[in-house]
Amino acid sequence: MTSIAKLPRPFRGIITPLVTPLINDESLDEKGLNLLLNHIIEGGVNGAFILGTTGECASLSYKLKHKLIALTCELAKGRIPVFVGITDSSPAESLSLAKVAEETGASAVVAAPPYYFDLGQQELITYFMNLADKLPLPLFVYNIPSQTKIMIQPETVKILASHHKIVGMKDSSGSATYFNSLLYHMKDDPSFTLLVGPDEMMASAVLMGGHGGVNAGSNFYPRLFVDLYKSAIKGNLKEVLQFQEKVMEFSAKTYQVGTTGTTFLKGLKAAMSISGFFENYTASPLTPFGEREMEIIKENLKHLNRK
Amino acid sequence: MTSIAKLPRPFRGIITPLVTPLINDESLDEKGLNLLLNHIIEGGVNGAFILGTTGECASLSYKLKHKLIALTCELAKGRIPVFVGITDSSPAESLSLAKVAEETGASAVVAAPPYYFDLGQQELITYFMNLADKLPLPLFVYNIPSQTKIMIQPETVKILASHHKIVGMKDSSGSATYFNSLLYHMKDDPSFTLLVGPDEMMASAVLMGGHGGVNAGSNFYPRLFVDLYKSAIKGNLKEVLQFQEKVMEFSAKTYQVGTTGTTFLKGLKAAMSISGFFENYTASPLTPFGEREMEIIKENLKHLNRK
Amino acid sequence: MTSIAKLPRPFRGIITPLVTPLINDESLDEKGLNLLLNHIIEGGVNGAFILGTTGECASLSYKLKHKLIALTCELAKGRIPVFVGITDSSPAESLSLAKVAEETGASAVVAAPPYYFDLGQQELITYFMNLADKLPLPLFVYNIPSQTKIMIQPETVKILASHHKIVGMKDSSGSATYFNSLLYHMKDDPSFTLLVGPDEMMASAVLMGGHGGVNAGSNFYPRLFVDLYKSAIKGNLKEVLQFQEKVMEFSAKTYQVGTTGTTFLKGLKAAMSISGFFENYTASPLTPFGEREMEIIKENLKHLNRK
Amino acid sequence: MTSIAKLPRPFRGIITPLVTPLINDESLDEKGLNLLLNHIIEGGVNGAFILGTTGECASLSYKLKHKLIALTCELAKGRIPVFVGITDSSPAESLSLAKVAEETGASAVVAAPPYYFDLGQQELITYFMNLADKLPLPLFVYNIPSQTKIMIQPETVKILASHHKIVGMKDSSGSATYFNSLLYHMKDDPSFTLLVGPDEMMASAVLMGGHGGVNAGSNFYPRLFVDLYKSAIKGNLKEVLQFQEKVMEFSAKTYQVGTTGTTFLKGLKAAMSISGFFENYTASPLTPFGEREMEIIKENLKHLNRK
């Protein structure tokens, strides 16, 4: 079993927020999952994060979630640490997922705020502190206001960081103002991990002091994101801009097709399926891209050099 | 077991969206639940709706939800039909709750859209149609954009109503423009039930042709809401305005204390606890009102005539 | 000149929020304005409100606004009172418009909150109180959060109503919860006028105690709105529902064509132009409906009985 | 007169979005304006932008705007180019301000979308293209969704850039995802200027290829922002982080006091007044900070080293 002590603090590098390969709403594509894990590990990423937004956390049944947690840990074979999303509207169910994560060998859990009721910052503090008290694994707090409709204020993060089990944060707000405020507020606590979500801003976040990224695009292009991260860490700006252009090209050509708020996810699954990783299946209530969008993405992908 | 055939179409009257009496996050206050059920049945309401927003649906564990469904059906003893909220971000879990509802004798289920991902109207249609296909009980669609961040368009409702298991709707948007649009779009399908959520607009919705209300205040004042409903049905405007003033007074004095988006729920639980129904406990992640707010509500309640 | 004393308190009935007939961005269609004024006065409405949202207030130059104010007052010839919208992001410009309104014989002014900066409720109070101090005419406060992004809280309205020049309110929020809260908070001040904006909820607002409507549809169907208002005042619910269906039909068939947030305005101008009142011109930055939408509205209008 | 040809393309460096020093709603503090201009020019900034959000554009009367434009151009004496905000809800008034700007010697104008009506992207394109056709000066498009409630899509920007008078953009969205998308979409048009608004993200935007910043904090600390910009241009990351910490400290200690959406502006004016530049007056409808907030900012400023 991995223990709290085993994860470096801060945790640095690229963590892939794993797409969940599915055959249908109730069945994992186990072969696809294995392929994907090998692909990202060969690409050099530093961790796998399952059951995040990219992993369609909210849509999956608990039975399937348990299966996914166990199987990912088994297939990862300790090659990279596994981070498990336990975001839920019910705190009891979050805790229950955390127990499964601990039992199957995951390294840490990741939780966004419960996402049904409007919460105040004080309620967020109480919630996360109580949750951390009971957790068997270290916790990364997950800021994703596009889905949870709440911004975890930097002052709140600072308070949460005082809990010994709350070891870091993933910010998917897309706001550089916010992320730089996090860096400023946490500057006296260098062991607290600050990771950034959107692919498009990983490099600039790392240049300013961020510890790495949890970037959807690394499902497809693990090596590219690792390279971009390393260039940023070295401060090689010329290289950064070269890799960044590829990241932006992938974003423009796969995430921006279609019109709803989940096109990044649908586009990514579409691209992975076109590349042969698994079928283009998204769990209900999302519907996968249809013929028209698939054609556009197929055409767009032709002009990308996959690496 | 209650079957689809047993519910009148349209369903008319007042349904109480039951507050969930709790001892702690994991334990129901069974005595409190019994008291509450007897209170609303004596008050003359036409149905009980558990696991709605007022019932803190999203916060409770599945274990507790199952217990609540079974116990409510048992305690209701068939005196009023029980409607069970199955809203969840995972369609599989919604279905699973529906099965429990059917097995324990509930009359219908109620579902808001899955509330994590942004969905388009077409995805809503696909979601509800697929869900209804598998449901063992009739379905009321639940529009509550304050929590789900999506408005179910009247045109979408019209399409959903073509499914024989989708028999009605609860609208908690607060928008009279929207509710009147629903009435207009559904005018040729008089068997499709249209109920309104906010206490403050039940009377006007019924005057304009709505079939009734699912009003939080009827936990406290069941008779008042039944009387208001009946006045509206009779078209006795003078009586309507008299009862309406009491409804507004209760709203102003208990729902508007405090500042977060859940004050209606916290205020209602506070008022119920002050009146001796059960303890003032809200499930995590919500924190119940503290001393200061309790004092304000206690003072406010003194000036109300409970009936 | 009309003085504060001349407007009845509360002011009751239907006020038409006048569409602004335009030849181009800089020129009024004076003939169209005259036609429109005669049309609504013959239809029996109780007032004309120029430079509201329906009148494209925000888009017009000051020169054109001055012209419109003077001309409307002149053409109205005292047959109905003229209410002048003075909403602006600059308080000084609002005051300047109010002076023009007073000089040309308008009866009252109407102001929404300044709409660029986020304001707090206390800032709203300070703003409206200071404005009222300097105004030469009585003021109606205008709540339209869809455009101004702020809700004027009922408690704020109550404070504003203590100013002798703040005599009423137009609420275009569409929220029945909010409007009924206004009615409740203002119940001890029966001289304070409460009017409602959206066509679709005028009848229910009047049934619950509202004083009337400022309804865009009365540009097209003045008599229908007057009839609906009168039925509601008399409490004749059967009649209310008959007229309401026509109001809803017009809304569904002209306001809901197209997809942006201004379809009600574009649809209304399209319908008026098809009926021969004036050209289908909307001021920049809005673009009027094109061929496709015009065809739909033309087709839709065929099935309406204009009265 | 400055002509289009005179501004370098792209325009690089720090432009100060000037605070408007006021004695009251109708009177400029001319001495304060002169002090401020000399302060930023001595600090080395590359331009002054008047009538932006920081300059309280929307609140000021046209008379005062005209005075401010003329006086700023006169006092600047050609030492730095003057950019004039012409954002307005009325296109005609925007054009009228642009004429004043041209006549008094300004170098360019800056316009956000009209901010009352909801506009579609096509309406934005039509609006900006038509405006540019008539403008006597080059135009910078201004993206500030917090106030205008619309995001100018990167694809829209690309289309706008095809107009010879639309020469650049200021983005105040705070989104790094968006700004990096702009950089990507405009990569083949290196003469199109891309400037970023929020102080906190100027450095990272420049590191990724942005041309500079329009940063409120440069009113107070012009030299600091110029130094930070130069470090970023040179790619000296160590220096960037040193200066960035000062920028973040100023942001945390002056912009984050208070709770409404305009605290950055009120805090900045408070800090400038404490430092003796001018009185702490904000134009109606904003109310300046009171005693309590002034004490906090005074205390906070003690711990900053002004340079």
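Think of it as A, B, C and D in the order they're written, each chain with its own count starting at 1.
By our rule, contacts are C-beta pairs under 8 Å (C-beta built on N, C-alpha and C of every residue); 3 or more make two chains touch, one makes a residue touch a chain.
What you see is a predicted model, and the numbers here were worked out from it, not measured in a lab.
Distances between chain centres, each the mean of the C-alpha atoms, put A farthest from chain C. Chain geometry summary: the mean Cα position of chain A and that of chain D are 35 Å apart. If you average the Cα atoms of chain B and of chain D, the two centres end up 49 Å apart. Looking at which chains touch one another, you get A-B, A-D, B-C, C-D. Against chain B, the residues of chain C that register as touching in their complex are 174-181, 183-185, 187, 198, 200-201, 203-205, 207-209, 235, 237, 240-241, 244-245, 248-249, 251-252. By the touch criterion given at the top, residues 25-26, 53, 57-64, 89-93, 96, 113-120, 122-124, 126-127, 130, 146-147, 149, 259-262, 284-287 of chain C touch chain D in their complex.
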